[in-house]
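One chain, chain A, links the two complexes that follow: it is found with chain B in the first and with chain C in the second.
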Partner chain A sequence: MMDLSEMQSGAINELMNISIGRAASSLNQLVNEEILLTAPRVLFIKRVEASKKINSLSLNGSCAVFQAFSGPFAGDALLIFPENKSVELVRAIIGEVAPLETLTELEHDALTEVANIVLNASLGSLANLLEIEISCSLPEYVKGNGESIFMLKTGSRENVGMAMFMEVDFVLKQRKINGYVVFVLDVDTTQKFLDLIDNYVSRMMM
Partner chain B sequence: MKIKLARQLFDASDFGIILLTPEAKIALWNDWMARASGVAGKDALGRSLEEVFPGAVSSRIKRAISNALDQGMPSLLSRNLKKNPLPLYRIASKKGETTFMEQQITVKPLPSEDGRRHGLIQITDITLAVRRELDLKLHARTTEAIVEGYRLSEQRTHAIVDNALDAIITFDEDGVIVTFNPAAERAFGFKAERIIGKNIETLLQWEPESHAPGDVTPGGRWLRLAEGREVRECAGHRRNGDVFSMELSVGLMEVDGHRMFIAMARDISRRKQAEKRIQYLAHYDTLTGMPNRALLQERLSQAVIQAKRTGGLFGLMMLDLDNFKEVNDTLGHQVGDLLLVESAKRISAVVRESDTLARQGGDEFIVLLTNLADRDGVSTVAKSIVKTMDKPFVLQDCEVKSSVSIGVTIFPNDGEDTGQLLKNADLALYRAKAKGRNTFQLYVPEMDAKVQAHKTMEQELRQALETGRLALHYQPLVNANNGVISGVEALVRWNHVRRGNIVAREFIPFIARTELMAPLGEWVIRQACAQARLWRDAGLPPVPVSVNLTSGELCRKNLAGGVAGALHDAGLEESALRLEFGEDAFFLAVERNPKALAELREMGVGLSIDNFGAGASTLDYLRGHPVDQIKIDPSYLKKVGDTVRGAALFAAMVELGHSLGSTIDVEGVETFQQFEFVLRNNVEEMQGFYLSHPVTPDAMTDMLRLGKPLATMDVTRLFRG
Partner chain C sequence: MSNSVLLVDDNYLARMMLGSIIAETRPDWTVSEAQNAEDALQRIDANRDGFDVIFIDVGLPGMNGLELASKIRENGVTSALAVVTANIQKPVREKAEALGAAFIEKPLNAETLVDFFSKVDKLEEKS
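Now for the complex of A and B:
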């Protein structure tokens, strides 16, 4: 666990909650079925622990959509599902009951779009609240186990610092699917991030 | 140069490129876009996407564009989620055919130096990928359906075998049972796990019609049965030891190179029971349980064949219950049925096991006595039947008296074929009835003519009654004091088609005991009443009309009622009618139906004993049942002329009658001497040919007008009064 003051962790929790909440409304405009996103609890952990956590999610591997972002602070944002859950989510949203056990390529795209909306909304909201500007890359679909997902994408960053790990529940009419949103921050910019958090806190106090 | 190269790259690309200004206006529109949208670059530049495709740009695309330009967030628009991409078309290989293009759209922000953003829209044609995916999914679904179908057909096969009504058992060449379905479990009483591995021959046994060398081995036997493709009956053995009938068919199959047999067997014991029942119903009377007409006919034919062969004797009896109709009418059909059932029981008890008692129908039974030693045997049996039937029955708490009449015939004496025998028995039965019932009669060849004649007469008389060939003639009774007509006697005349006029005496006795008597008697009474009415209406002297009754009529239970009804319908007082009957009839009536006599007397109807002194009278009876009038039998008058004794006897009769409280009428006055004699005696009335023959109603009318019979007109001076 990273060392954050109670104030800071509290602020981040609040910020992420707001952000994910906004993501839900964007998502609902897209899909047929109403989706609720639950308020996440944010864990601050090292990247290595994050990858272990992803591993433990499913034996069969996971699917992830990944977007790199940059601005005053930089890093990678990921939305991760255990593979079978990803299938379930996409099928439920599309409304199809296909006999295939894995997602087709076009279904990857659907998952990607969903993730894109969630991540965009989260990042965008976060940027707004912190009064900064963030830009990010197009979302990309990745499949593998915890390690490979991270390493493939974030492995290039040698100096990865903190990871904000949030369990997000996608609540559909007849089921609840858990996914995970992870923001992995560069070590260099982590401090900047925390500064921005402090700014936010002081603004809120006023 | 750079720009030109860039331009070339741009237009050479295999996907759509749109560059938007920070104001969301189109800055670049590559050739691909032009081809796919049908909108040339020059027409698109400077406009917004909405202007190029009016109404066709979804909010989703709009949002993605604003996200990029305003927020700097890129978007991926997939095909499988909300599908309303841009209106773009592929150019198909076939001329003129355009297919809609499936698209994947990405929208990226491009930051510029001044902090504002351009938007880069890239569009990829994923139609083929979509088609592949659909094929893939369809294939997957088809496979799934096939697998499901297979699974279902497996289940279906199982369902068929498991739910079959027939026992299905598979076994190998040695007869060892391999499978045993639920129906087999039920039929044989063995659970599958207990019988699998045991031999089929413990359950089923069948006999081949002929033997072949292959029959030595069980496999050989079963193979023959299977190849024969027949269904045959076999014996099934249940676990509890019961043996039952089964219908069996055997099929052959090859499984992994081995021969297997599949037996389908159906428990037909129920069907057999049903067949038995049908046979029973076809041959047995349901009410009494006795053989019916059909079965009797079979047995009779058999008996003839048998007796012809052995040269033996057998007897045939035709019986019928004497008063069945009456019982049915007065006590109801239930009691009638009970009477039949009980009668059948009684008669069965009296005949031998080897004899057949059959119900012919209605109240008629037939007894076939085979293995007859001699003729007497038949009579003995007939006698005992009559005796047993003479005892009263108690049916539904009513005491019912019945009796039986039997006609008996013997093979080969009386006939050699079934038709002849039945006819003879019938004639003998008729004779038994004519004799007074409650008796049996052996067939006598002479019977033929006589009985046939009687039967014919009965038929003819019935017709005559219906066609009005019967009439009443009337003979006057004359007052012995003053010569006035004091009564009339009605006598039936039959105007026979061929034989002319037949008097009552010549036919009434023969049909007195038949069923015809009742309607005839009723007709006579009503006719007489009607005539009396006519005479009264004409203002003629209201003299009583006498009607003759047979003993049968006098013993009828509802006689009084019938008489009352006839009187009422004619509007006559009771004393207008007088009922005449012989001494024998009187005797029987007192014995069997005393109530009727009392009732009639109470009613006020006149009662008269006819032919008094000719039969057996019991003075006791007369004292107990006094009558109004006694008619002295003509024989007494005849005897008068011969001896003194005759006259004395006559006087004594008159005295007797008077002492009993009755008036006297003398019948048979035929000569002047008789007429004078009667006048000298103290009698009230007389009748006879001397005074008047029986005449037609019209002639009687005339006589009544005159008040005296014509014959006495010149002898009135002889009358005292």
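Now for the complex of A and C:
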């Protein structure tokens, strides 16, 4: 189990706030309504626990868009929405006038594009702050429960190790749509992530 | 001869959103679409008059958007290029700018596009 210093913990929360804030700003432009964010939660847990936690975020079935990322540190980024709200989200993007048929047809592309924008804005902002470059896979849309999504998408990797789990909830206030942004860092690159956090803190203190 | 623009993005909704902003800001322009780099290169090759502007998403399946922009320049195509992406990382912006492409962040809005088109207009006036 890795222990974070108070400084590291504060810096990670601050970086997540900035990065997710950037993503929320992008989402706000896309749907033209206020996005509320919770404070980020950062945990060191087993990967199998991470998948259970993702499942607990999606009790009634969910759709998720998944992107793997790699660079000095690597892991998985997920944007999770309750399945019963996905059409409402599409409506928020393309407007009220579109018929339900069209909304359903566009659901897959709309959620993929939302995730592309939200996950890239947050990962890109984080990379810029840490002065590194991160590569992302193309977004993949998956339906199911959170646990199956995570296990399915990371099935080729070791699922018994540890992971750094970072989660932020966001809410589209008027439409009462809530979702989650989750980053799961592979533990073998977590130390590198923490080194970059230490470097960031040093730069900020100069 | 009317002006023309090519949108390269694998996401239908992304093409639709960009297309609708272009229809608002440049209603007389002809819009063509491609879903990937190979499709885009074929359309560029087939368009004898040349596209005035090519918008390219970075996250394309197969050849990515930056590789496509590079290939377009290698082929001697002089159309104005705009890399349109949610990937806001500094190195991505630098690579796009090194190819002489504008870097436009997603989500797009009409003001950004108006600004971009006015720069394209100025360049065309000079040449």
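What we mean here is this: the second predicted complex is superposed on the first by the 154 of 206 C-alpha atoms of A that agree within 3 Å, B and C clash if a C-alpha of one lies under 4 Å from a C-alpha of the other, contacts with A are read in each partner's own complex, and residues count from 1 in each chain.
Keep this in mind: a residue touches a chain if its C-beta (ideal position, glycine included) is under 8 Å from a C-beta of that chain, and two chains touch if they have at least 3 such contacts.
Here the structure is a predicted model, which is why all the values come from computation and not from measurement.
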Chosen between chain B and chain C, the partner touching more chain A residues is B
>> Under the stated touch criterion, which partner chain does A:Met7 make contact with: chain B (first), chain C (second), both, or neither?
In response: neither
Practice problem: Quick one: classify A:Leu106 as touching chain B (first), chain C (second), both or neither. | Solution: both
Dual-contact residues of chain A (chain B, chain C) 29-30, 93-94, 106, 109-110, 112-113, 116-117, 120, 124, 127, 133-134, 136, 138-139
Per the touch rule above, chain A residues touching chain B in the complex are 29-32, 67, 90, 93-94, 98-100, 104-107, 109-110, 112-114, 116-117, 120, 123-124, 127, 133-139
Counting only contacts in the complex, chain B reaches chain A at residues 59-60, 63, 67, 71-82, 104, 106, 108-109, 111, 126, 129-130, 133, 136-137, 140-141, 143-144
Seen from chain A, its contact residues with chain C in the complex are 22, 26, 29-30, 93-94, 106, 109-110, 112-113, 116-121, 124-125, 127-128, 133-134, 136, 138-139
The residues of chain C that touch chain A in their complex are 10-14, 16-17, 59, 61, 85-92, 105-107, 109
